[in-house]
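Chain IDs A, B, C and D follow the sequence of writing; residue 1 opens each chain.
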Amino acid sequence: MSSTFIAVRNILNTPEHGIGKKFALTIQVLIIVSLISFSIDTLPNLSSTTKSVLDIIELVTVLIFTVEYLLRLTTSERKVSYLFSFYGIIDLIAILPFYLATTIDLRAVRIFRLLRLIRILKLLKYSRAINHFSAALKSIKEELILFGFMSAIMLYLSAVGIYYFEHQAQPELFQSVFHSLWWAVTTLTTVGYGDMYPITVGGRIFTFFVLMIGLGIVAVPTGLIASAMSKN
Amino acid sequence: MSSTFIAVRNILNTPEHGIGKKFALTIQVLIIVSLISFSIDTLPNLSSTTKSVLDIIELVTVLIFTVEYLLRLTTSERKVSYLFSFYGIIDLIAILPFYLATTIDLRAVRIFRLLRLIRILKLLKYSRAINHFSAALKSIKEELILFGFMSAIMLYLSAVGIYYFEHQAQPELFQSVFHSLWWAVTTLTTVGYGDMYPITVGGRIFTFFVLMIGLGIVAVPTGLIASAMSKN
Amino acid sequence: MSSTFIAVRNILNTPEHGIGKKFALTIQVLIIVSLISFSIDTLPNLSSTTKSVLDIIELVTVLIFTVEYLLRLTTSERKVSYLFSFYGIIDLIAILPFYLATTIDLRAVRIFRLLRLIRILKLLKYSRAINHFSAALKSIKEELILFGFMSAIMLYLSAVGIYYFEHQAQPELFQSVFHSLWWAVTTLTTVGYGDMYPITVGGRIFTFFVLMIGLGIVAVPTGLIASAMSKN
Amino acid sequence: MSSTFIAVRNILNTPEHGIGKKFALTIQVLIIVSLISFSIDTLPNLSSTTKSVLDIIELVTVLIFTVEYLLRLTTSERKVSYLFSFYGIIDLIAILPFYLATTIDLRAVRIFRLLRLIRILKLLKYSRAINHFSAALKSIKEELILFGFMSAIMLYLSAVGIYYFEHQAQPELFQSVFHSLWWAVTTLTTVGYGDMYPITVGGRIFTFFVLMIGLGIVAVPTGLIASAMSKN
């Protein structure tokens, strides 16, 4: 094993201090630059100059990400396990669309690369918060699945109910149970866009009962997570 | 008692393992198939071919559900108590509409048959979560009724108040106290569809106070359930 | 003191059992009848027959409430303290509008008379829940006032901010700081009717920060009440 | 040090009782008067008389605030530290716009001067509540930053996702990732104005998953604050 080889591996895998930290921070900045550049790219009526600049940024960042990916792969002790690790897959997805020119643009996935940021910023404190969160989730896993299951039943029954009440009065909006499901989702999460709402007396009374029971099901998981986190 | 009789009863009542589990899972899949088929049936502009397929699915599932129902009834040790048990009634409602050809379609009730799923999936863990939930509900029953009572008073007074403030300015929308109740329900649950909202200065100031006091009443039960569940 | 006098007083003041309970329940039913009748009265296009029936119901209920009020007053040991007690005032307001024919209709106040219902239904259990609730409110009184104070500041600053961002772009909607306050109220409570919303880039970024900070202030009191109630 | 000098300093710095309390309350009233006057000033179609009155109120309050500021500065033992303290800066910003006639009106900042009110009202009780709140915030600082970070990722990915689903169907509304971000903010906070919402089947299913996961991230911090406050 050459000493350069080991030096590169150290830089890549110790983002906590020294050159490793500088390198990691540079990559983080590049990720944010590429995310912003990708977002600007979706804006309508861009001048051709702007488009050229964005293309160059994309080219440079992808090149650097590719070099980083290849270095990580070659210097990795267990190449296959890196290849199929969470970060290994994210790193690949982050650069692959550029080479494949796929119709589905996956560049936004690069945001997950920012998760490495956690290792850079005061490592211990945040990993404690993350452990805290995952321990809380684990301790209420069954309750969360139960409430997810009850929420699904609640959503389905609400959709069927409102369909019977409103289909006749608003055939355009409440066309089917599937259209009514959209209403159930926006109502029980209290988003309430206002694109669909009951206008019959029966539909409104039904909505009242759906909300009274449904909010006690759909909103409880959030409270459970908060409570579980403040207990441990 | 014939051995076939006992074998059938065992299959029906032990969905945890063996043939009983395979049978129970088949029924669960059929329930979901029939729910999806029923939902598709509500879609507009279906081709006659699709309609025929849906009719056949309905016919087959109802037949299987009927056979299952009759088997459960005949092999049950206490026939009358099964007939009037929660699952007994659900099982009956799930097939009856087909034979009665009622105008009110109750096929959506089949979703409750999915609750049997809980017995199949790692039984103990989920029944613990359910016990947890029902114990929590029990421990705060009086508080929930109290808040339900206060919410009802709050909703009624909000409706009467906004009626006085907005009736003159928007006679079409705030036609009566009953119409205003609909506004009160969508506002205090923070759904806010935007089909009705105050436009007078008085109505808006009134809404401000209603929200300040009302949210502290209507939203508390959810928090209570979450807290009660994380305590036990 | 005549024995009739004492008997009447006992009936009025012991709604927990015996004739007192029957009397109290009759009054409760009458209150609900009068509230429904009052609400129906606000419906448009009522036939003259319906109007007559509603008038008769109003006449009868007010007469009974008046007799009850006078009996309570005359049989009370401390007449003046009853006159100015919570229930004394509610009882008076419930009948006064009928005799004064005021323009402001206060009949909806009768709903507060329903609070006596608590004494009838399993008395001890619910008064325990009420004590529980008021003890919880007491224990976090300072925190609630503090958050109320911070919410007021938050609402005002949000209104001023959005006024500067949106006034030019939407002079009709964001006419003044007062109009913007209405936007701040519906946004920070997440009701979001959709009658007013920012359209400028600045206004939207401002709204993002207002929501991030504001929800952590406006929504906390509800959680505090729930937590405080589950502690005691 | 002259005795007048010391007397003035005592009045300015002991708002808890005596002349100091009267002075502090007068200033508080003036702040509220100036805030209301400033808000009225934004109303359209004011008569010239009203405008003159508002100008006079502004002139008088600013003069008094200026005198107070200069007195605080000159009687302060550590002049420089007052100059750069929180209240020192707020006091200056509250009067500066008047003299500079800037285009950006910062008079609304005066609301922060109301914070001094806390010292006047039963001092100890409220400062305990504030300590309670800041201790709670401190104890969950890492968790709040973690959830803020996850919320940012959630918002960005939601925006990119909905952009792909809705851009074709609604090019006017979902113009770019930045326009979609506004949708993500109003949806995940459940405000739901109704100015932008998905209409495609894919977009609606995506919104369902975004809400299921997103509400468990965006709404948790509020619950965490409430829980943390009820623990200490």
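Here, a residue touches a chain if its C-beta (ideal position, glycine included) is under 8 Å from a C-beta of that chain, and two chains touch if they have at least 3 such contacts.
No experiment lies behind these values; they were computed from the predicted model shown.
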Shared interface partners, meaning chains that touch chain A and chain C: B, D
Selected from A-C, A-B or B-D, interface repeating B-C by over half of its contact pairs: A-B
Proportion of interface numbers common to chain A and chain D (over half same, under half different): different
Between chain A and its twin chain B, rotation from the CA superposition, multiple of 5 degrees: 90
Greatest separation from chain A - chain, by CA centre: C
Cα-centroid distance, chain C relative to chain D, in whole angstrom: 30
Computed distance of Cα centres, chain D from chain B, in Å: 42
Chain C, residues touching no fewer than two other chains: 178, 190-194, 222-223, 226-227
Complex interface listing, chain D residues touching chain A: 140, 142-143, 145-146, 149, 153, 156-157, 160-161, 163-164, 167, 171, 175-178, 187, 190-194, 197, 201, 204, 207-208, 211-212, 215-216, 219-220, 222-224, 226-228, 231
Contacting residues of chain D [partner chain C, same complex]: 35, 38-39, 42-44, 104-105, 108, 111-112, 114, 118, 125-126, 128-130, 132-133, 148, 178, 182, 185-186, 189-195, 221-223, 225-227, 229-230
Chain C - residues contacting chain A, complex: 190, 192-194, 223, 226
